[in-house]
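My questions all concern the structure below.
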Amino acid sequence: MNNPLTHFNEEGRARMVDVSEKQVTERVATAQGTVFMRPETLRLIQEGQIKKGDVLAVAQVAGIQGAKKTSDVIPMCHPLMLNGVDIQFRECPEVDANGLCSIHITATVKVTGKTGVEMEALTSVSMAALTIYDMCKAVDRDMFFNEIGLTYKAGGKSGTFTREQVSEA
Amino acid sequence: MNNPLTHFNEEGRARMVDVSEKQVTERVATAQGTVFMRPETLRLIQEGQIKKGDVLAVAQVAGIQGAKKTSDVIPMCHPLMLNGVDIQFRECPEVDANGLCSIHITATVKVTGKTGVEMEALTSVSMAALTIYDMCKAVDRDMFFNEIGLTYKAGGKSGTFTREQVSEA
Amino acid sequence: MNNPLTHFNEEGRARMVDVSEKQVTERVATAQGTVFMRPETLRLIQEGQIKKGDVLAVAQVAGIQGAKKTSDVIPMCHPLMLNGVDIQFRECPEVDANGLCSIHITATVKVTGKTGVEMEALTSVSMAALTIYDMCKAVDRDMFFNEIGLTYKAGGKSGTFTREQVSEA
Amino acid sequence: MNNPLTHFNEEGRARMVDVSEKQVTERVATAQGTVFMRPETLRLIQEGQIKKGDVLAVAQVAGIQGAKKTSDVIPMCHPLMLNGVDIQFRECPEVDANGLCSIHITATVKVTGKTGVEMEALTSVSMAALTIYDMCKAVDRDMFFNEIGLTYKAGGKSGTFTREQVSEA
Amino acid sequence: MNNPLTHFNEEGRARMVDVSEKQVTERVATAQGTVFMRPETLRLIQEGQIKKGDVLAVAQVAGIQGAKKTSDVIPMCHPLMLNGVDIQFRECPEVDANGLCSIHITATVKVTGKTGVEMEALTSVSMAALTIYDMCKAVDRDMFFNEIGLTYKAGGKSGTFTREQVSEA
Amino acid sequence: MNNPLTHFNEEGRARMVDVSEKQVTERVATAQGTVFMRPETLRLIQEGQIKKGDVLAVAQVAGIQGAKKTSDVIPMCHPLMLNGVDIQFRECPEVDANGLCSIHITATVKVTGKTGVEMEALTSVSMAALTIYDMCKAVDRDMFFNEIGLTYKAGGKSGTFTREQVSEA
């Protein structure tokens, strides 16, 4: 009986799954995640956009490069020639029950290839989130990332996957 | 007046902060995060460890390499000669209110250097989480990561930072 | 008259050979190599597999990532979108004439592309061997690698290449 | 009781060994290896050096870059600021019992640091050997690498290691 | 109205342009640049070629690898499977009005793909120029690079671009 | 007699120069370069800064990462733990004799180490220039780079180097 975790060979050791027989199709994936922070931290980021020091411009670059680096940093990922990467940030200045604000990150990756780009989208979101942390950690070490997950995937044999948002509730 | 976000120069453009004057000291940082998944997914991972196909062994390698790649993937991070990286996984088989199990990841990074290793610890956790997702996505596309954040930091001028856990509540 | 070493241009300087006119075909290559070590070293590796500390799991990851890094580390290699990589380890606990045991490594790489994957298979074996050395060097600095070479290649204009084993005899 | 394979933590998972307490000292390591090939292949390489198309010049660059990439490609290796890398090639045109010639590679790496550079020297030799194969494979697919191993190491707590040559006999 | 700089999304943030709809065609690009240096520096480089120490052999390797690294170092570049890279050096020993000699670099890159290789050709020239500087800086810190630009491009919807040379006049 | 090009060993092959005996000192280097472009291209870049689509923000990130990647892309460069990197852009909207505008790039890199950071500063300028080209090439394929060179260097045995500007005249 086969291991349902396809990333293992018959000896139980990790492999890069053989996709020789898979079709080259248009594929797209979208992932999201949220960086929680103090209201003062979000205010500094927002002021930087209109004045000086755009944190999200750097995070955007990191996220796009992160998508391209996915097969380098995730051991079993296939190298892919990405068609495009785009990232959106949504600032949420309303304070939640814990007194925190947030920035919501969405990354969409496209490819014409034999494997999907879910990992590229997730890696892109993670890199953008890490870069926001890096650039603001001098003022807010308590930031954290929540609900990093896949929200959309199309193309390929397994069909389309959609969910409104990543969360437990 | 200086921008409190130190990663920007006087023109408001991103820079790699000059640490020439900082002391070389022993520094350590610990970060954590949690991968939520279906009970069946955790069961497959746990069976792999005692039988064949160890997802966490691959995630461990990815996490350690992730710590080493931090200055390559996070634009303003300083290159550092890490002294050591260690990662712990704690499997949480009890089902939560949403019917999910989880794996809790903790990464600790050490350096003798002029800057801290918070980003290395956070990147390490992120890479390990992404690798768990990659290796199990064939059976559970709904996995997500929560509460990725810093829990401990020591060494350097800003002193020691500690928190029990990363969460809003 | 052309230089039979196709990696040089008409001025005798290295080039990445132009494969524009080559056909995209299914290609596969298998390489192998052997790490020789003391019986005690092999015993420690084997115990790690059933108990704690799996050297070969780490070497497996290194070998797979090595295949993906080939065009980065071998100057004239073409970048390729690999279809799959698999690595097998065969432990040889019988002591040879010199009192040594060994681990035999086999790597198979597949691609749909314009150039073969011989270098990817050979690089994969080399990285796996180097990682075994790295993880055991605290107990056996005398380990060495022998008979790293190609054993199989198919696809592409030059046809199929096969040999039972890599060796002089 | 500790695992004598120091690259594992108490849970039996791989770690990058903590070298915080190790001394910064001058360290050097030398590794070697041999590429076996047909006499005609060696002749083409030698003619390239005096005429056009210097295979060993490219292999030299690959070997030096390989030393620098060691911590990127070998999962548990520490990043190190290498002081110097040098590579020597010795051409052996005399035909051996199997009708083969060879090129003998020696790489020496130096560092002022907390860990040794054995892996850097071995990786350097491996990359140089792989590059020779790559550049000559159009004329000799049967080439293979033998006796890749460490021959010298000095500096650090474990003291000096020397052997004349890497071989079983 | 669209931003004529296509590398930005509707929010004005950088993106990797979506090329999903673009045709896969044969594409080629040629770039050039010139390294100016003292006559004595050029003489040392030329002597190295016929005697010992070939600066341009190392620059050639750096230029070819630079073409392959383009999507890694230029943030919005698409990853591409290059078909071939070739670099030419033309030594200009005649002294110009400022008493300087020069080496003229030309790099040609080919791909079968959805986007052009202008950036790959320009990056290749830049890396070759930087390497010449690196290897000669001990004798001539005043070297500089001039007129690095595109001279030819064919394939793709925007058609063919040609200019004799890169210069203001 | 020694080769004045120190990057070659006694056999005339490239080496990474041994800096074991050099002192660890504070070192700094500044390089500059100029990207020439049509007035319309500069206008689009300047509008992006105040409205949407900041080309220079992306070039800034590419330049900083370029400094960190220097030892990866320039074959004989030593890996270094950079203390800081900063980049300045000066827009020159006045049209020159050839009807062109320009952006002047200055990069300053600092390190506490055994070797200088001239190559890091030059690589940083080159990467920033290449990124400006990449992001504007859809509207101006004729852009080119001039006068990329070192303007300042301090620290280390060879002393301080200064020049007002990089140019022939």
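In this document, chain identifiers A, B, C, D, E and F correspond to the written order of the chains, with residue numbering beginning at 1 in each.
The rule is short, and it goes like this: a residue touches a chain if its C-beta (ideal position, glycine included) is under 8 Å from a C-beta of that chain, and two chains touch if they have at least 3 such contacts.
Protein names from UniProt, one per chain: A, B, C, D, E, F = Cyclic pyranopterin monophosphate synthase.
The structure presented is a predicted model; accordingly, all values stated were derived computationally and were not measured.
Visitor: Which neighbours do chain B and chain F have in common?
Guide: Touching chain B as well as chain F, we find A, D.
Visitor: I'd like to know which pair from D-F, B-F or A-F copies the D-E interface, where a copy means over half of the contact pairs are the same by residue number.
Guide: Answer for the repeat of D-E: A-F.
Visitor: Starting from the Cα centroid of chain C, hunt down the chain whose centroid lies farthest away.
Guide: That would be chain F.
Visitor: Could you tell me which chain lies farthest from chain D when each chain's centre is the average position of its Cα atoms?
Guide: A
Visitor: Just curious, how far off is chain F from chain C if you go by their C-alpha centres, in Å?
Guide: The mean C-alpha positions of chain C and chain F differ by 38 Å.
Visitor: Taking each chain's centre as its mean C-alpha position, how far apart are chain A and chain C in Å?
Guide: 33
Visitor: Can you give the whole-Å distance between the Cα centres of chain C and chain D?
Guide: Those two chain centres are 15 Å apart.
Visitor: Would you please write down the residue numbers of chain B that are in contact with two or more other chains?
Guide: 11, 13-14, 54, 57-58, 61-62, 65, 69, 72, 75-76, 79-81
Visitor: Taking the touch definition from the header, please name the shape of the chain graph: line, ring, star, complete or other.
Guide: other
Visitor: Give every touching pair of chains, nothing left out.
Guide: Touching chain pairs, listed by label, are A-B, A-C, A-E, A-F, B-C, B-D, B-F, C-D, C-E, D-E, D-F, E-F.
Visitor: Quick one: which bits of chain B touch chain A in the complex? Just the residue numbers, please.
Guide: By the definition above, chain B touches chain A via 3-8, 11-14, 33, 36, 44-45, 48, 51-55, 57-58, 61-62, 65-66, 69, 72-77, 96-98, 100, 118-119, 122-123, 126-127, 129-131, 133-139, 141-150, 153, 161, 163, 166-169.
Visitor: For chain E, which residues count as touching chain D in their complex?
Guide: 54, 57-58, 61-62
Visitor: Looking at the complex, which residues from chain A come into contact with chain E?
Guide: 26, 56-57, 60-61, 64-65, 67-69, 79-89, 110, 112
Visitor: Within the complex, which stretch of chain D touches chain B?
Guide: 9, 11, 13-20, 71-72, 75-76, 78-81, 113-114
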